[in-house]
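Chain IDs A, B, C and D follow the sequence of writing; residue 1 opens each chain.
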Amino acid sequence: MAGSTFGKIFKIATWGESHGAGVGVVVDGCPAGLPLKEADIQKELDRRKTGQSKVTTTRKEADKVRILSGVFQGKTMGTPIALWIENHDADSSKYELIKDLYRPGHADYTYQMKYGMRDYRGGGRSSARETAGRVAAGAIAKKLLAHYKIKVIGYTRKIGPFSAKKIDFNEIERNIIRCPDKAVTDKMIDHIMKIRKKGDSVGGVVEVIAKNVPAGIGEPVFDRLDADLAKAVMSIPAVKGVEIGVGFEAAEMLGSECNDAFVLKGKKISTKTNHAGGILGGISNGENIVLRLVVKPTSSINKTQNTVTQKGKKATINVEGRHDPCICPRAVPIAEAMVALTLIDHVMRQKLSRL
Amino acid sequence: MAGSTFGKIFKIATWGESHGAGVGVVVDGCPAGLPLKEADIQKELDRRKTGQSKVTTTRKEADKVRILSGVFQGKTMGTPIALWIENHDADSSKYELIKDLYRPGHADYTYQMKYGMRDYRGGGRSSARETAGRVAAGAIAKKLLAHYKIKVIGYTRKIGPFSAKKIDFNEIERNIIRCPDKAVTDKMIDHIMKIRKKGDSVGGVVEVIAKNVPAGIGEPVFDRLDADLAKAVMSIPAVKGVEIGVGFEAAEMLGSECNDAFVLKGKKISTKTNHAGGILGGISNGENIVLRLVVKPTSSINKTQNTVTQKGKKATINVEGRHDPCICPRAVPIAEAMVALTLIDHVMRQKLSRL
Amino acid sequence: MAGSTFGKIFKIATWGESHGAGVGVVVDGCPAGLPLKEADIQKELDRRKTGQSKVTTTRKEADKVRILSGVFQGKTMGTPIALWIENHDADSSKYELIKDLYRPGHADYTYQMKYGMRDYRGGGRSSARETAGRVAAGAIAKKLLAHYKIKVIGYTRKIGPFSAKKIDFNEIERNIIRCPDKAVTDKMIDHIMKIRKKGDSVGGVVEVIAKNVPAGIGEPVFDRLDADLAKAVMSIPAVKGVEIGVGFEAAEMLGSECNDAFVLKGKKISTKTNHAGGILGGISNGENIVLRLVVKPTSSINKTQNTVTQKGKKATINVEGRHDPCICPRAVPIAEAMVALTLIDHVMRQKLSRL
Amino acid sequence: MAGSTFGKIFKIATWGESHGAGVGVVVDGCPAGLPLKEADIQKELDRRKTGQSKVTTTRKEADKVRILSGVFQGKTMGTPIALWIENHDADSSKYELIKDLYRPGHADYTYQMKYGMRDYRGGGRSSARETAGRVAAGAIAKKLLAHYKIKVIGYTRKIGPFSAKKIDFNEIERNIIRCPDKAVTDKMIDHIMKIRKKGDSVGGVVEVIAKNVPAGIGEPVFDRLDADLAKAVMSIPAVKGVEIGVGFEAAEMLGSECNDAFVLKGKKISTKTNHAGGILGGISNGENIVLRLVVKPTSSINKTQNTVTQKGKKATINVEGRHDPCICPRAVPIAEAMVALTLIDHVMRQKLSRL
């Protein structure tokens, strides 16, 4: 039931499958007056698209976006903005061979059990291709956030055993893995390439930071900013966990270590540390929002795996093809999009909190 | 804006502050015909209430629930069920002393920035007292899930450095920390008691398992079961992270390790391992749902901390009082409630997925 | 499924039955900082309550409201406001006699068919008693509208064949029928009293005007102001129709008659006539909002009627008791409440329409 | 804010303007397994399209629909269904002349006041062209209703002074005015043609009947079936009123006349009359749902009207062009669509009402 709609104020409805006419999104709730052109959106889609480097899938999709409504004379009108990204790589013949097999780690089995049918071509709706619609909508969210001086920045924090220790924002888009620490970038890339050669895949951690979020954003007790961010990024395919600030480290901390002391920075109330990741009681406190999400290794691997057929027979499968050996580099713009969509919804909701 | 409403089908609206007339909840969307009495709800509230053991706060609140509507002749009628838990411990004098100070780790500052005012008595709406409403509604969700044979079980997985290695469901409610592994229970309790003596607090990890969830539950692409569970538990005060299945371990895994092979158990399609935590592509696969959440150490500590006043002056604060030294034991029923509320919403949504 | 929740921004959830512990409402989404006391709400409830005059039911219910949450130091806090109106007239013995009979015009049969059960005491949830929760929430909406200078005024426009020709706002609360035209007030009252004596009831038309609604309120294409107002008043028990501006007269009008010419009143753009009832394209145009709703004659009459039993046998019924002979006088504050709730939701939504 | 989304279960989001790339809709929440092809939708669009007869506008738009997603192998998949109807009649030059003038009866002024800007070409989003998206989504709703044996039938009940006295369903689609009474069809058409010649327009009443709706559909107390139907049809451009069953006639009726006696038809509980229009207490009672809506005369007329410019100067305007002299014939399929969308939402919600 209606699970492809996201947001309460800046509301989006995405649609589309891997091998249909395309993927798209309707943004219902963008305020009037925002300058918007296709290039604003294309820029973000290009960061998500396939074939952008040797650490991504080598499939090539143009991912050209078209604005179908909602913009007039270069500005949003306050009416729904429909975006369409046409599909071109429509060769679904290879999927005919595995249409009766459930690919391990994929949603073939669960879609079949949910709907009693499924589009087996490229995963259908469960394909990561669907996220193009999110990135497109997220691009508008980012533009709107920029109006409020808010900036959302994502990067690869960890690949296998290699973690970025340093966060240099300038470094991120300079390397194909979107790593902010020059010192580990090559190690990460080598690690991926080695695993790819074996037909295998590897997981990683993406971190997203939101800067200049004013204090006061978030709607307790359920629509807390952290809760809505958690939902947003957990809804990205392959994400298996999310944490804010110190996250899971909090389990071993004492209150006296974990609490962020309030201090004055000039006249501004701030905190000495940011263990909270910018959120207290579900509401932003004016510090950077910091969250991390873990992505599992790509489920499609060029290795023989045990599975069963749709009719319930034992079988083996080898998901040949051009898969991402690691999802992180392309997950970065998707995670940014989901964070941006969540933030703009909450920034707008805050306009309603006080008389 | 309207952040105290949760769920799309089994919808709840909670209300209440720490020092007002009480806390409560309206459940709008419970189907007609479910046997329900106050004792069903009281049982769960008693697991959450204060003063239940030496590892919880020593404050005593009766937390007696009253059903005000929606039940007739022992059954739900399909109409809204209003529940009220009256407040009794209404001594707010001690809060007068700190009403101009922002307590570190608490939501005093962020509520002030959001609403331009706040109820400083016991944290007002940001008090964990609010969760009584969730537990009460969750008790109804649990009863309804039981109708579908689904069971939700939570327990303390980790306190500071001590982790349960074994999960014995029978053990959980036999000890005050709700630990499922007899071997570490005493260590956990000792650890908490030592920290309490120092006026400090400690964090931990709670794990929740849902059994007998049929395959097919969850609504991609945004209202995935994992995404909605993540939101649900992240909305609990003090939770800083959530993970499903292998969670953050996935970052270091290979696809060939992480993928759960499909196997036949008799005629039932199942998976050999459960790294996915029972969810693939945002939809349950019939295995146990397994999720973990990390709770930070209680923010209220009997130690002097640096802070600022509401007027922006440097100050120190010592949050004296009877605080929980560790939130885990009482967080268990709250986490179960949020998982149950999410599951029942999705179980009902699944009725709408196929013709 | 969850039909007792209303509004998107200023969201209310009502609860309660005729013979339970009471009726109430949770208002989730009222901004912080609004001065609010129980008397503000009581004032409106007193206009709705039973036994207020000879043209209403002679049952007496105190309808005392209690604010359970959301208000601190005389102001709303931005957190949910829970209101409770306790039931006192709990004598349900007379309903035992008719518990197997479906009362014509009432919802006994439809509730039974919907839920497979029903609370037969006083109509249960289908009782007009439920509207006390609406009026209580509406009182808060009215206070909030007053902050924006918007005023909502309702009155009885027609009873049987007698219509008010003149609208004198000062007259409305001076007479027991809430008629704005002194010349027909007595005729209306006499008409009702005559019908009451025969054990019968009569219908009527209520008109509601909203003044000072600025141009620009309403959210096409579905959440138009007129559409949401129509839903709001049609959700009141016994309402069978709603019209805006010229309403059903438009069927016989020409475009050249019906169009309201734009004119300048000083520097303000206005319209020469107000056939549109203040709404163009679903958005307010700055003129008075004018809507009318028709209420059917009270279904409970002291006359023998044909019906069937729950088991499907022919029967007759006479719904003895103290019924309103005409719903209009008490429907006026209910209609005002529903209009106010709709308007405040839209006034707040408008804050989100432009950059 | 997000006003172009409709429905809770079978949720639609429409988009598009009169002179953009087209209009469309995303249906999020259609269950899997419904046979669906473009022809099913085209059939309904053809009933709405321009240029279909001498009583409609002579503009010609092909209104060809394309299914972009959600259907595989001829069946819905449970995933979002995106529909696109491309615009072709894109000549907007004539609108340049009146872009600074507010057309009386139109939404030019109110859109400008709401959004601070507007697309003046053909009314932009406020154009009735937008309703093509509704009709397209409604066609799917109708197919789904047919699965439950429910049929929605609309027709022109009244044009100016001429009313259909007899309802012959077979007659409706045989005449260009969609009138069910052969005896008045020609009078209605003549009336329209005479008014058209004068450059003027005329209003009318459309009636919609839903057959075979089982008892028990509707969600009190706010999402009553009548309330949601009222919103649905009132959201159609030019509609100024809606009534159910006896509607506004109820004002002059007595309870003893208005109440529908329950009777047995065989073993089925039914009512002797259907003054209620099939709805009691907001829930269907198993009789035909009967509702009427009034449409105002088309606002665009070839006559000189007084107005003001955007800058606030007095002016006159003559909205030349090819306008519908009467909206009724083309409003019939739109009204049916809105009723169908409301009904399917409620039919599906009913699956959740009982254990």
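Operating definition for what follows: a residue touches a chain if its C-beta (ideal position, glycine included) is under 8 Å from a C-beta of that chain, and two chains touch if they have at least 3 such contacts.
None of the values given here were measured: they were computed from a predicted structure.
Q: In terms of C-beta pairs in contact, which of B-C and C-D ranks higher?
A: Result: the pair with more contacts is C-D.
Q: If you match contact pairs by residue number, which of A-D, A-C or A-B shares over half of them with B-D?
A: Equivalent contacts to B-D are found in A-C.
Q: Determine the centre-to-centre distance between chain C and chain D, using the mean Cα coordinates as centres, and give it in whole Å.
A: 26
Q: Determine the centre-to-centre distance between chain B and chain C, using the mean Cα coordinates as centres, and give it in whole Å.
A: Spacing between the chain centres: roughly 39 Å.
Q: Which parts of chain C, given as residue numbers and ranges, touch two or more other chains?
A: Chain C, residues with two or more chain partners: 1-5, 8-9, 14, 29, 32-33, 78-79, 114-116, 125, 220, 348, 352-354.
Q: Please output the residues of chain D touching chain C within their complex, sorted ascending.
A: Its residues touching chain C are 1-6, 8, 14, 102, 104-107, 109-111, 113-116, 125-126, 130, 158-161, 195, 200-205, 214-224, 226-232, 234-235, 237, 239-248, 250-264, 267, 269, 271-272, 276-277, 279-286, 294-301, 303, 305-308, 312, 314, 349-350, 352-354.
Q: Where on chain C does chain B make contact in their complex?
A: 1-5, 7-11, 13-17, 20-24, 26, 28-29, 32-33, 66-70, 72, 75, 77-82, 84, 114-119, 124-125, 348
Q: What residues of chain C sit close enough to touch chain A in their complex?
A: Listed in rising order, the residues are 8-9, 29, 31-34, 78-79, 144, 147, 220, 348, 351-355.
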